[in-house]
Amino acid sequence: MENLGQIAMQNINMAAIMPSVVLSCFGMLLLLVSVFSKRGRTTHVAWMSIVALVVTAAVTVSSWNNPQEGFAGSVVLDNFAIFFSMIFIIAALLTILISDGYLRREGYPVGEYYPLILFCTAGAMWMASGTDLMTIFLGLEVLSVSLYVLAGFFRGDVRSNEAGLKYFFLGAFSTGFLLYGVALLYGVTGSTKIAAIAQHVSEMPAVIDNPMMIAGSVLLLIGFLFKVGAVPFHMWTPDVYQGAPTPVTAFMSAGPKAAALAALLRVAIIGLGSIQADISALFWLLAVLTMIAGNFIALSQTNIKRMLAYSSIAHAGYALVGIVAWNQIGLSAILFYMLVYTFMNIGAFAVLVLAGKKGEENLTLEGFAGFGYKRPFLGVAMCIFLFALMGLPPTAGFAGKFFVFAGAVKAGYIWLAVIGVLNSAVSLYYYLRVIVYMYFRDPKEDFAWVKLEIPAVVSILLAIVGVLALGIVPGPVMELAKLAGF
Amino acid sequence: MADYLLSLITFFPLMGMMILLFIPRDNEGLLKSFALGVTLVTFLISLPLAFDDVFAVSGGMQYREFHEWISIGSFFKMNYNIGIDGISLWLVMLTTFIMPIATLSTWKAVDKNVKGFMALLLLLETAMLGAFVSLDLFLFYIFWELMLIPMYFMIGIWGGKNRIYAAVKFFIFTAVGSLLMLVAIIYIYYYAASTGAPMEGFGVQEFYRLGIPSAAQHWLFLAFAFSFAIKVPMFPLHTWLPDAHTEAPTAGSVILAAILLKMGTYGYVRFAIPLFPEALQTYLPLLAFLSVFGIIYGSLVAMMQDDVKKLVAYSSVAHLGFVMLGIFALNMQGMAGGIIQMINHGVSTGALFLIVGFIYERRHTRQISEFGGLAHKMPIFATIFLIITFSSIGLPGTNGFVGEFLALVGAFESELRWYAVVATTGVIFAAVYMLWMFQRVMFGKVTNPENEKLKDLSVREIVIMLPLLLFVFWIGIYPNTFLSKMNPAIEQLLNQVKSKQVAVVEPVQPVIAQTLELK
Amino acid sequence: MITVYHYLILSAIIFSIGTFGVLTRKNAIVIFMCIELMLNSVNLTFIALSRHLQNMDGQIFVFFIMTVAAAEAAVGLALMIAFYRNRESIDSDDFNMLKW
Amino acid sequence: MYDYLWLIPFFPLVGFVINGLLGKKIRNEAIIGGIATLMIFLSFLVACGNFFTLLKDSEKVHQQVIASWMSIGNLQIDWGFLLDPLSALMIMVVTGVGTLIHLYSIGYMHGETGFYRFFAYLNLFCFSMLMLVLGNNALVMFVGWEGVGLCSYLLIGYYFDKKSAGDAAKKAFVVNRIGDFGFICGLLTLFWALGSKGVWTVNFVEIAENAHLLESGGVVVTVVTLAFFLGATGKSAQIPLFTWLPDAMEGPTPVSALIHAATMVTAGVYMIGRLNGLFAMAPDTMMTIAIVGAATALFAASIGLAQNDIKRVLAYSTVSQLGYMFMAMGVGAFSAGIFHLMTHAFFKACLFLGSGSVIHGMHHAYHKAHLHDDPQDMRNMGGLRKKMPITFITFLVSTIAISGLPFFSGFFSKDEILWWAFAGERGHWMLWLVGAIAAGMTAFYMFRLVFMTFFGEQKTDPRAKDHIPESGLTITLPLMVLGTLAAIGGFWGVPHVLGGIFGHMPNYLENFLAPVFEHTQVLNGIEIKPEMAHSKALEFGMMGVSVGIALVGILGAWFMYIKNPELPGRFVASFTGLWRAVYNKWYIDELYDAVFVNNCKRIGTFLWKGFDVRIVDGIVNGTAWVVKGVGSGLRYTQSGFLHNYAMAMVVGVVVIVGYYIFG
Amino acid sequence: MLSILFYLFATVAVFSAFYVTKSRSPVNSALWLVTTFICLAALYIMLDAPFMAAIQIMVYAGAIMVLIIFVIMLLNLGTAVKKRYTHALVWGGAMSVLMLFVTNFLIRRGVPTGKLGDVTTQTIQSYGHTELIGKAMFTDFLLPFEIASILLLVAIVGAVILSKREV
């Protein structure tokens, strides 16, 4: 008992959680800063959070190829975690860049917004780097709770309230299932550590026929699928995405989705590799349903924000295809895809952020009529992002889809790939419709309210660079994604 | 220099586009001249290709460039692998040749957002050239899809009344097909990788040598064929074409007809046929049937059109039927005929669209009934129109004849004899619909007072048409210029196909065909 | 003899009742309470299994679940208050601005 | 001289290019017409040179290759020319008659707008026709074949502001295209059929040499020749594709003379002659040709009986005469057919030019009197012999020639055909009978024409009556030349039987053409039936009969139009239905419209509006609609109610977990 | 004896849990929920987890429930006026029964095969439950503990932001 401290100290390996620690510390610092800031002044908080993210990025990257394990095997900062962490950081960075002006426009210049994003990012990092279900769960909760708050951030706006509440209730509900799954898995394997679960299964192969094991695994995965937004656990997505403040939606659609996928991948591939066949079969179906639901419903949307929400469901479907493939290409492809998706989706939302009036009642297709002529830069940017979302070369969206489907084809899931590409064909329609309104319709409005704020423009430019660079030379990043695979 | 000639040609328009973006948008004259300059220079630097005699000697790929592009360990290798042979040579030349003409045709026609149009035009040129020179399936696919974007905007922004429907239809039709092809492309790659065959990424030449198992070939072929059939377009996947053509601005229609449609036929020649020779055997009768049906169909429907542009669009369906029939004959004449016919169609139908554009610019209508008696008012126009009409009909001495004839010779020599007989009726229908249209537009008295004041062609318009007329007669009278350089390439291609078609299963022929068979 | 199964079944029953409540109640606070019920049933499962497996991990997990429950309660109730201020209701049927 | 063979088509081409490009600038009719006429005249001179060289040469086949045209795989096609007696004869006719008609046109077309255009087209036509005739392979022939079709189109549509002219031009081209379809099919089948025997060729000489590789009388040969024959029916206006020719009279009269009488329409006959080796191997085809020819001869003649338009009568007469030629080809009387082709070129060109002269005069008169009556309607003519004596005489001579009165050119050629039809191995007395009846009809309607036009009293509107002049020298000179040829041209091919009468005059023409046809005839046993071959009495008898029939026709015409001018009216009144049917060309055009044209239009409309728009686009849009519908249906699952969302999750969980537990 | 106690608490727990869902008034629901919590705490004691029982009472019954009741009072929520949907009731009931069926089945068939640890009743009694928890918490589960602190921070900040009246 007396050497308790010593044991604890031995276990600790701060390097393994350095990025999240840095981020959390900055978060706390920023909380203080915002407390002592003049009300309504948040820009400096935004810039500081950007500094925080940049520092974190540097810290994160420095561990590349140098996996750090720590805290008694409850966390590991391996390439996988680093890759995903970078995705979160990029997502957060792009989001913060577009947030400041937006918050002021909508009348909520609250400094706490930024620390919440940072905490959320930190939570995502724990999800990606957690090797213990407990860590992952707590990371998930940090992420979720901050997102509940962020989604309902516009407390005077009913729709934001509603988004927050829906997200909260359904999130908590799904947490129940996730936890029940963890409990069952714990019962079967005696541990909540992913490695231990895997080891237990390999020692007792018979356990894979144990209903508890299967039910536990499935419930656990369902918990993550909820966050990913896969059918039939996707129902919250459109409502929440629509109601939440747009930058939050942008962030939510990229960062947390990637985090959930990260956790899902680590749990599934490392912990539950033994029931791969079952998981692949399940995910095959879910991927198909997700793609179909997302794409088909998006067709009839007139609110662009909501349409992008459905499209994000569809994209989750594409990502799941990579898991079905269950091979190295599929895995790397998911990593790559999430990165690409971060760029293109946040980019698209960034354009929406700039194009919206206060209250964002104008983010409909009709409201976008002639936008491309009046705001050429944003129009072109939106086109690039939409083409990327469609998956057209030479944007990164194409490369991402290509890799994902390549994984599926290599694993022999040709029909899945076919369904996938047909779904992308369906998706063309609603993405094109935005372009139709932007360019093929005569402008009704002058879009005079659209101000090209520098940070948001920087964000859009970064996204464009990301989308095009990853599209034209996907090689290096894909190589990194490959190294990040298990 | 010669080592990078193809790249230079391909990316020169893109570089031009980059520079064009810095030209102020108000300076429309400069924008147009600049775009024209870029396309002209592209044409000029592509000229050495046409004069290179190596194509007359060797059927292999020339001007090869090979750079590793994307290489992800054991996953993929995509290479920047380009080159041309005698077949793609002419399509490249056609592209570089048509583009300045198309650019010139926009002088009066495009008045809004000139900068955007010119930028898209140049982007499109790069995409098309890229698709023709790619020897890597992945690279090809990228250019193939890239083509959609500029064309989509061209139709959608500068198009006619119904442009949105047409643009979206065009886009989705084409994309659906190509997406399936993408799956097939990936499959081939992994199949190749699994056999351990030596391969250079998605290099199509390496894939040629691959013996893909029959069962897989079938669906792979279908995926490719479907994609290309949409682009060609073959009956019954053609319905996007009339809409797209009708709505597109003149330059768009010209490019669409002259070059973009060739992507489909070229795709068959370069990819679908040599990659899957066995599957081809199975589907040959079906495809031949569709080609022939397309000829008749396109002609009959064209006959009844009251919109000049739509008529020309449907005539494209018929013309491309000949191309496809020639290609499916799988012999020297047929293939050569198909390829010549591709060029012909580019020249003649491109010219027809220009012609329609000329009168559209003057009268802002394309309804045949609005016209009549134009020959009085516009004699030069009438003459050029007449020549192009007869070229389209396939009068000997013009280009149309050489292509159709060779395609038919090939088809008669092959098992597709009976299809060819039916296809030959196409020559009748072509005369019917073209001449009827010509008569209604040009002959008779000027009944519509609005036509009284029509001006004859301007110098610019004549300059646009002259090169096309030159090729109408050049190909018609001395096609050997072209044939001699595609000969070795076709021969090599056919050997490639024939060597893989080991167990030749005779397609079932009608009884009468067997009786005709010589003992 | 009371075995671990008894506890597990009990927790399953409570879990199902919690689900039932979530699915049928309209008052947001009650729904939230039903979710708490579900979490509690999970806690029971954990502790029962922890006891059965003679290992403390499960109980630690429960500890964190409680923490999470508290955190969620705080945020959730704050959200409800905010909503109530705008709509004068926390009836889940009134969460109907966002649909389709 | 052979080296200059290529110059023959080249000169007219030069003329075409000069007039086509510069004509509008030149403006001076004399220069334009002069250039055009000079060019074709130069051709004529070169043709003469080549003709006489060939006459003296013992080697009767000469080829000249200019350049390779298409060369791919085993298909080698050259731009090459072939001079043999057949083509030599043809170029003489084409350039000779062509020159005369060019000359004639200078006068006839005086003052027309687009004068240069006319001459350019005329030159282009001559070029194409010469390509057709001289081509050493089927493809070059086809160039000419289509080229003459094009020129025919352009020239018929010369007065393009008249709708009827446009229609006629289009009809001519399209109907010709139907024939071309046959030509191409025949050509390609032949290419393949010979190719599969190891000889890949389209060269006429090689085809002739290798025709024996094909099974004589076999399916292939029959199909090939039938297809070629279809081509010939189109160009030469035979049943069933004759309908375009009468309409083609919309063109200026010299065009009718040159293209639709003397040269182009005989291309089909020429083509059969050119491919005689093949045709002879297909007795079935030959029989078909003979029957079709005979039927056309009769049928067209019957229509000719009732026409009132002077040019239409001649048009149907042309169709009828072409039927004769085909009958000749069909029964294997190749040289007789070619002979008739030549004599027909003389007299029919003369007739057309004569009618043109009449029309010109009438037109002039109406113009002076400011009337807009139809200058071509014979009912408004009459008694013109005094006004236009030269025209009258030449016209009469040609009419006698076409009617087959002894010792005029038509007599020799027609009788030879009838003799072969009757006595040839491949002949039949029925063919002869039909031919003879047609000859009688021909005599009748031709003299009817002459009587109505030149005899009797002048029925022209009194105001215009006195303004009818005799035409100028450029018009009458060609008439005189052609009239002379029509009269004496037959002596070049006097039958053996009659040869004795003229001092053992040999059949020059037959001997001249022998290198082309004799081999075939010998090889395929095409000759006069042995039992009749030596019966001079029979031959004379037949000749007598046909002359008799012709005389009956002439007398009938005289009786009806000179003696009893009211008779035709009464006849019409009592046989209204029949007359109307004949007058309306047996309603063939209407039949074709109903069966082919309208159905094609209907199918076209259906395919467009029904199939394309409804079915294909229906499927496409339907798919889109369904997808969208499914989307908007699914959309309502997103009800916005928390319960439903939670329920979906629970259902998902239960189903998935249940499946894995129980499944 | 233990069995009787188990069944007693279990029955009360299930009964009160059911009444949480059934009561019209949210306050009643809250009170029934507290009852359930207490029963569960009792069961925890029977499972040799007295520390968990204690914090169950303190955290749940003490903190969370107070918060809930506070909010109920604050919002002055009375008895539900509207009835529950019958179809929601039917479907919800059906799904819950199905779920119960599934979970029941999997628990009956499933075997908690996890490796047995060394924390027996004796260990617990000799070291004390709290100490064991604490030891685990501060060695193996140090990181989750720290994360939990961040979580609470986030929750606090969030609650403050959300319930502030104005900006």
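Labels A, B, C, D and E are assigned to the chains in the order they are written; within every chain, residues are numbered from 1.
Keep in mind that, in the parts below, a contact is a pair of C-beta atoms (placed from the backbone, for glycine too) under 8 Å apart; a residue touches a chain by one contact, two chains touch by 3 or more.
In this text the structure is predicted, and so the values were computed from the model without any measurement.
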item	value
Separation of chain E from chain B in steps, with touching chains one step apart	2
Chain of greatest Cα-centre distance to chain C	D
Between the pairs A-D and B-D, the one where more C-beta pairs touch	B-D
Chain whose mean Cα position lies farthest from chain E	D
Euclidean distance of C-alpha centroids - chain C vs chain D, Å	97
Mean-CA-position distance for chain B and chain A (Å)	43
Centroid distance [mean C-alpha coordinates] between chain C and chain A, Å	25
Distance from the mean Cα position of chain E to that of chain C, given in whole angstrom	7
Residues within chain C bordering two or more other chains	8, 15, 18-19, 22-24, 26, 31-32, 49-50, 52-53, 55, 57, 60, 64, 68, 71-72, 75, 79-80, 82, 85, 92-93, 95-99
In chain D, residues with contacts to at least two other chains	635, 638, 640, 642-643, 646-647, 650-651, 653, 657, 661
Junction residues of chain E - those touching two or more other chains	85, 88, 91-92, 95-96, 99, 102-103, 105-107, 109, 112, 114-117, 140-141, 144, 148, 151, 154-155, 158, 160-163
Pairs of chains in contact (touch as defined earlier), listed by label	A-B, A-C, A-D, A-E, B-D, C-D, C-E, D-E
Chain D residues touching chain E - in the complex, by the definition given at the top	643, 647, 650-651, 653-654, 657-658, 661-662
Residue numbers on chain C that touch chain A, as the complex places them	8, 15, 18-19, 22, 28, 31-32, 35, 38-39, 41-42, 45-46, 49-50, 52-53, 55, 57-58, 60-61, 64-65, 68, 71-72, 75-76, 79-80, 82-83, 85-87, 92, 95-99
Chain C residues within the chain E interface of the complex	1-2, 4-10, 12-27, 29-30, 32-34, 36-37, 40, 43-44, 47-57, 59-60, 62-64, 66-75, 77-82, 84-85, 90-91, 93
Chain B-touching residues of chain D, taken from the complex the two chains share	24, 67-75, 139, 142-143, 145-147, 150, 153, 157, 160-163, 165-167, 169-170, 173-174, 177-178, 180-181, 184-185, 188-189, 191-193, 195-197, 219-220, 223, 600-601, 603-605, 607-608, 612, 616-617, 620
Contacting residues of chain E [partner chain D, same complex]	85, 88, 91-92, 95-96, 98-99, 102, 105-106, 109
